Amino acid sequence: SSKTKQESTQPQTTQESKNKDFKVGLVTDVGGINDHSFNQMAYEGLQRAAKELGVTVNVIQSKKMEDYVPNLTNFAQQGYNLIIAVGFMMHDAVEEVSQKFPDTKFLIIDSEVTDRPNVSSAMFKTEQVGYLVGAMAGLMEKEKVGKVKGTNTIGVVGGMQIPPVDSFIAGYQQGAKAVNPDIKIIINYTNNFNDPAAGKQMALTEISQGAEIIFQVAGGTGDGVIKAAQEKNVYAIGVDADQSYLAPDHVLTSAVKRVDVATYDVIKDTLNGNFKSGIVYFDLKNEGVGIGKVNKDVPQSIIDKVNQLAQDIKDGKITVSDKVSK
Amino acid sequence: MKNLLKELYIPVVAVLIAIIVGSIIMLITGFNPITAYISLFIGAFGSVNNIANTLAAAVPLILTGLGVAISFKAGLFNIGAEGQYWIGAIVGVWIGYSFTGLPWYIHIPFALIAAMIAGGLWAGLIPGLAKAYTGANEVITTMMMSYIAIYFSHFLLEFGPMMEKGGTIPQSPVIKESAVIPFLIQNTQLSYGIFIALAAAIFVYWLMFKTTWGFEMRAVGYNQRAARYAGMNVPLNMVLSLGLSGAFAGLAGAVQMLGVQHRLYDSFTSGYGYTAIVVALLANNNPIGVIFAAILFAALGTGSQYMQLNAQVPGQMADVITGLIVFFVAAHRVAEVIKGMFAKKQKKEAEA
Amino acid sequence: MKEIFLNPQLWAATLAMATPLALPALGGTFSERSGVVNIAMEGIMLIAAFFAVVFAHATGSAWLGFLGAIIVGLIVALIFAWAAVSLTANQIILGMAINIFASGITAYLLNTMYGFTGTPTDTPMLPTIDIPGIKNIPFLGQVLSGHSVVVYLMIIILFISDYFLFHTNLGLRLRAVGENPEAAETAGIDVIKLRYLGVALSGILSAMGGAYLSIGALNSFNPDMTSGRGYIALAAMIFGKWTPFGSFGAALLFGFATALSMQLQNTAFSKNIIMMLPYILTILALVGVGGKSVPPAADGVPYTPKK
Amino acid sequence: MSAILEVKNITKVFPKVVANDNVNLTVEKGEIHAILGENGAGKSTLMNIIYGLYKPDSGKLIFDGEELNLSGPHEAIEKGIGMVHQHFMLIPVLTVAENIVLGAEPKGITYDRKKANELIREISQKYHLEIDPEAKVKDLSVGLQQRVEILKAFYRKAKLLILDEPTAMLTPQETEKLFEIMRELVKQGMSIIFISHKLEEVLEISDRVTVMRRGKTVGTLNTKETNEQELANLMVGREVVLRIEKSEYKPGDVVLSVKNLNVVDQQNVPKVKNVSFEIHEGEIFGLAGIDGNGQLELVEAIMGLRPKKSGNILFYGKDVTNFTTRQLYREGISYIPQDRQADGLVLDFTIAENLILREYKDPTYSRYGVIQYKKVYENAEKKVKEFDVRPPEYMLKARGLSGGNQQKVILAREVGYNPKLLIAVQPTRGMDVGAIEYIHKRILELRDKGAAVFLVSLELEEIMSLSDRIGVIYNGQLMDVLDGKTATREQIGMLMAGSRFDKTTLEAR
């Protein structure tokens, strides 16, 4: 942030000073900005907005659930124009505070607050991208290419059984089954977003049960899943961000959820007077979700097929449910 | 006056040292310590609202702190207040949303008392009986029961019996209006729960120091053998004091649910049960002291949130400062060390 | 059910999950045997986990990372010892303070040093070891061979710890100090020095446990990645009656229950009920074996030398 | 003769008291130098200074012609000073050998168990202090623990041996044995400082006696030229009654009746074997025996603190075998346990609270579960005065009292309620003559009022001077019950050692 300051000491136009007066506050949930997940990505979007738009930004990381309301309130009382609440756990807090500060704009990530004119809800159709990576995994198993030996078994390591995790998993199930009806999908949760050592063992367990491609939807815990895949020479699928860089040979692809983009876009729109209340969906169509870098082992035929499925989803030919089936 | 100064000298110097060390770390890492500390203080006590939020944050700490203090006084190490808190929260919320048509003066006490009983059983039944009759170390059992309680809450909320019907979010329904402990100051988190906490502290003080039961618990806590020789039932007292300890942690959970959250969320930990240990120890297990220790921690909590906002000190750095303050408050004798260093220096100078 | 127990991964995971518990549990044994309750092991593990990555990445050597982590862990332990032993401060409060501090400082440094993408992906990892003879034995090889070198190191340390504590003069003195510091002092033993030693050993071993998590099992650091293992280790040490083999056994039990819950998650039960398994098993075992374990008599009691 | 130790003008001030006030003392080579003094006179403090545990505020020590400037006990040990502390400095969970060699283990990194055991066996044989080096100290009787303490000093090759109240917990036989050893040691050139409250012991064993009072040395006498009365008076600073005047023995109804009592310990080893006896109103029934022969188990079984295997306990004819401890108290039984600090008191409670440790539920002190502290304090004020607890501040924690005064608090609690039966175990352990005189007086008063007293003591003197009838226990069996008036030391001693006698054999000797 010291860099932005230096830049903004350059000769100012009125636009720049107006932007600088526009204050954006971000309140993380208890995961904090190191969560390797939505808090972190929202924060990155915020940083980008500060850099590119010159708006003033500020962050409070909540320590307890009881901090949500005071933190949102403090921002509002200090005249912040837009307050971003990250995570569905802040739903009730946003409802409460937004009512008390009708002139302040709010953005909530991953939760639907529909009845407030000053609240925008960013919802991600992560089931769509889950579907695509599931399909890719299913096809890899079917065609036994790359490191796949053909157990026709894939796995998931989830963090907690909460909607933002489950929507990915739901899509994954449907996508895999759609292209490979006999496929076996092992689903486990670690109940933890910050225990990569447990994530690794959970993945190793799934691998021992035959899984050859494991989708991690577990924040920091997922780092261990990728490590396990690397060690056992199978594939992992990254989540939220493009995680290919963590293990280029062993990350099949990533189910990307562009919370950063959503955050940046809403800041930009609000700055330009285009704040939209109600739910804003981020999906394949508006590139709010998407597939990350694809592993070189994946044959073009499978990539084509997945792209086709993506198109079908965009066209509404396929609808993906966000409910995990047993 | 001179005596008072002498007594204040050590804690004041301890906090000062914590502040200085914290300042050094902040300076190294590029933050302005003065702004940081000012906003820490303002955040905790700078306005009626901030004071209210600090007090609100103190409520669960007072109650869990009392719970832990009871067990410590009775010579038992209940480190599972976290789990008892969750059980109290679960029961409190469940009663809060599943009973309709009760007037508030029945609904609230019903929920609170049930939560106390549940928390009490959680601590007293397994850890208490195991300790009393098999000698199983309560440090382990209460800790394990804590994890079990947290998984139990996951079980209830994640597509379990307490999950809000028709929703996808793992959270309970909102409690009924009649079960809500109303806010004391609007736009803050402070509910009438603060009075429950204060009353509880006074009650526990009275119980521990004025009643025969408290007499027994303390006797068992200080010297089990002498208690037994005096005809007291030591195992029973262990079970009861762990139970009582759990009851207050359970009460904390329910008061927090009825007064602040109004529903149960799926979460990892509240952290109150662990902070409560430090609160109780700082208060030397004195129920009245617990109030002040809890407020200190609450102030550090609310203040550090505010410090992020107004001094741009990241939340992680706030933890660093909190850790330092607690460290030096505990190691208050560092003040003597420093005094000794000065004395030596003066002596040397005098000699020279 | 049978195939679960025949799955070597169950047993391999048991060992892997037990290691980061056993190391601090062994450390805690030393510290508590000398009379100091070191609840700061959780924080020391976390700090060590972080600095293991820092040093490993900076030097390009995982072993130097491991060494660096140990040194940092030792320094934190000595600071703790200074306050707990020399200044006779309340050991539990100090420990908690260090844990809060550790959680903050590691996450803070992580962000400032490496940004938000996490620690560098080219951080070296400690090697895994294939045991020549055992490696190729069908079931046993998969269970016992191929673990991180830290796992084997832990086993070696386990034996050394037991030997040190119960078969050396220094071990005898250490135990004496934890039982009755006054008696030890009258026998001419420097109580303070030995308590520093006990805490220092707990710092070193906790640091190894922390480094195992970051550069043994993985090659990255995540905030709060110890996830309470320092506390569970303390429980394991108590369960193990303050003995090295006991602590190791309790850590194994816990590792086994965790590994089992991983295997069982997809059964008819709710996964959250299955996840309670390690904790329930621990209580049952404790009650079953007549859990009475008597701590060192002066455990947690600060001592001021007579003079 | 030259001096091994010279203490010159030593002063030691504790926050509240001057424990040593300009103390001077000379110990000659090869002498046994006794130190006498009331509880709290400053004896232990002085010894701790000599041993390097405390640093004196002023004054100096000259040991073997060389000025000592001790930085800690390890230096004192090196110079050749050994000390057996009044309160044992042992580690119960360690073995005898480990305790002895601790801090001065056989050379090497590894603890050489074999060598250590061997060394201990050697010195224990040399000094006739038999002990099993592998036994855990916690399993030893007090007498044996004492032995371990002494061996510790021998092992370190002491030139000067300090024995701080070593006989307080020994049986007469053990004491006699200790004296033999002391004499032998002195012959070998060792010098000994011997502290005891028992005047006859001091007269028997020492060459010279130094008397301390309130931190000062009030005189050094040649033992041969003094007597009990003179020493007692010098110590206390007033005339002391050494002989107890006992009123006539008038037994009444049977109060306590123990019938065929059997008690086993946790390992199912029999500890009390088929013991039967009765105690009457107005009677002191003394139980003599060497420590560890089942006395404790017997008393604890009677008091409901230990399960009984078989047998009955009747109290005024009522079967109280299965009564809880509290029920027994309510019947009118009082109990002074052996270990005042561990069993008798809650040291962190105030004196006032300790005075109602049993009666807090009594309607006098509580109503509806609420303690009436006003009543509690009224009671405390009265008791503290009546039993001369010093200082008479009942809001003080019991921890802050000297052992003698702690014992008075227990006495006030147990005797103060006019029990029908008082069970007193070792009621005068470690007390000075003044305090013993007082406690004995109160116990006799109780008897004269018609109560029954069950006195368990290791001190034969105490048993013989107080008891109307004397039971002797050996190995869990009640060997015999003798008439207190006619029983002799020898008779009792033989029984304590386990040999039954009949008058003929005794006379034949």
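In this document, chain identifiers A, B, C and D correspond to the written order of the chains, with residue numbering beginning at 1 in each.
Throughout what follows, contacts are C-beta pairs under 8 Å (C-beta built on N, C-alpha and C of every residue); 3 or more make two chains touch, one makes a residue touch a chain.
Being a predicted model, the structure only gives us computed values, none of them experimental.
Trainee: Identify the chain pair joined by the greatest number of C-beta pairs in contact.
Mentor: Chains joined by the most C-beta contact pairs: B-C.
Trainee: Looking at C-alpha means, what's the farthest chain from chain D?
Mentor: A
Trainee: So the centre of each chain is just the mean of its C-alpha atoms; given that, what is the distance between chain C and chain D in Å?
Mentor: Between these chains, centre-to-centre, one finds 46 Å.
Trainee: Just curious, how far off is chain C from chain B if you go by their C-alpha centres, in Å?
Mentor: 27
Trainee: Please report how many Å separate the Cα centroid of chain B from that of chain D, as a whole number.
Mentor: 46
Trainee: Calculate how many whole Å lie between the centre of chain A and the centre of chain C, each centre taken as the average of the chain's C-alpha atoms.
Mentor: Inter-chain centre distance comes to 34 Å.
Trainee: By residue number and range, which residues of chain C touch two or more other chains?
Mentor: Residues 107, 111, 272, 275.
Trainee: Please list all residues of chain A that touch 2 or more other chains.
Mentor: 32-34, 161, 191-192
Trainee: Using the touch rule from the top of the page, what residues of chain B touch 2 or more other chains?
Mentor: Within chain B, residues 151, 154, 158, 314-316 contact more than one other chain.
Trainee: Between which chains is there touch?
Mentor: A-B, A-C, B-C, B-D, C-D
Trainee: Considering the complex alone, what residue numbers of chain D touch chain C?
Mentor: Where chain D meets chain C, its residues are 48, 51, 53-55, 71-74, 77, 83, 85, 88-94, 98, 102-105, 108-111, 152.
Trainee: With touch defined as at the start, can you tell me which chain C residues reach chain A in the complex?
Mentor: So the residues of chain C touching chain A come out as 7-10, 12-13, 16-17, 20, 107, 110-111, 116-118, 121, 128, 213, 217-220, 222-225, 227, 258-259, 262-263, 265-266, 271-272, 275.
Trainee: Please output the residues of chain A touching chain C within their complex, sorted ascending.
Mentor: Residues of chain A touching chain C: 32-36, 40, 43-44, 161, 186-189, 191-192, 194-198, 200-202, 204-205, 207-209, 220, 223-224, 227, 231, 241, 245-247.
Trainee: Which positions of chain B touch chain C when the two form their complex?
Mentor: 29, 126, 130, 134-137, 139-141, 143-145, 147-148, 151-152, 154-155, 158, 160, 274, 277-278, 281-282, 314-324, 326-327, 329-334, 337
Trainee: What does chain B use to touch chain D in their complex?
Mentor: Per the stated touch rule, the residues are 210-213, 215-216, 218-219, 222-223, 225-233.
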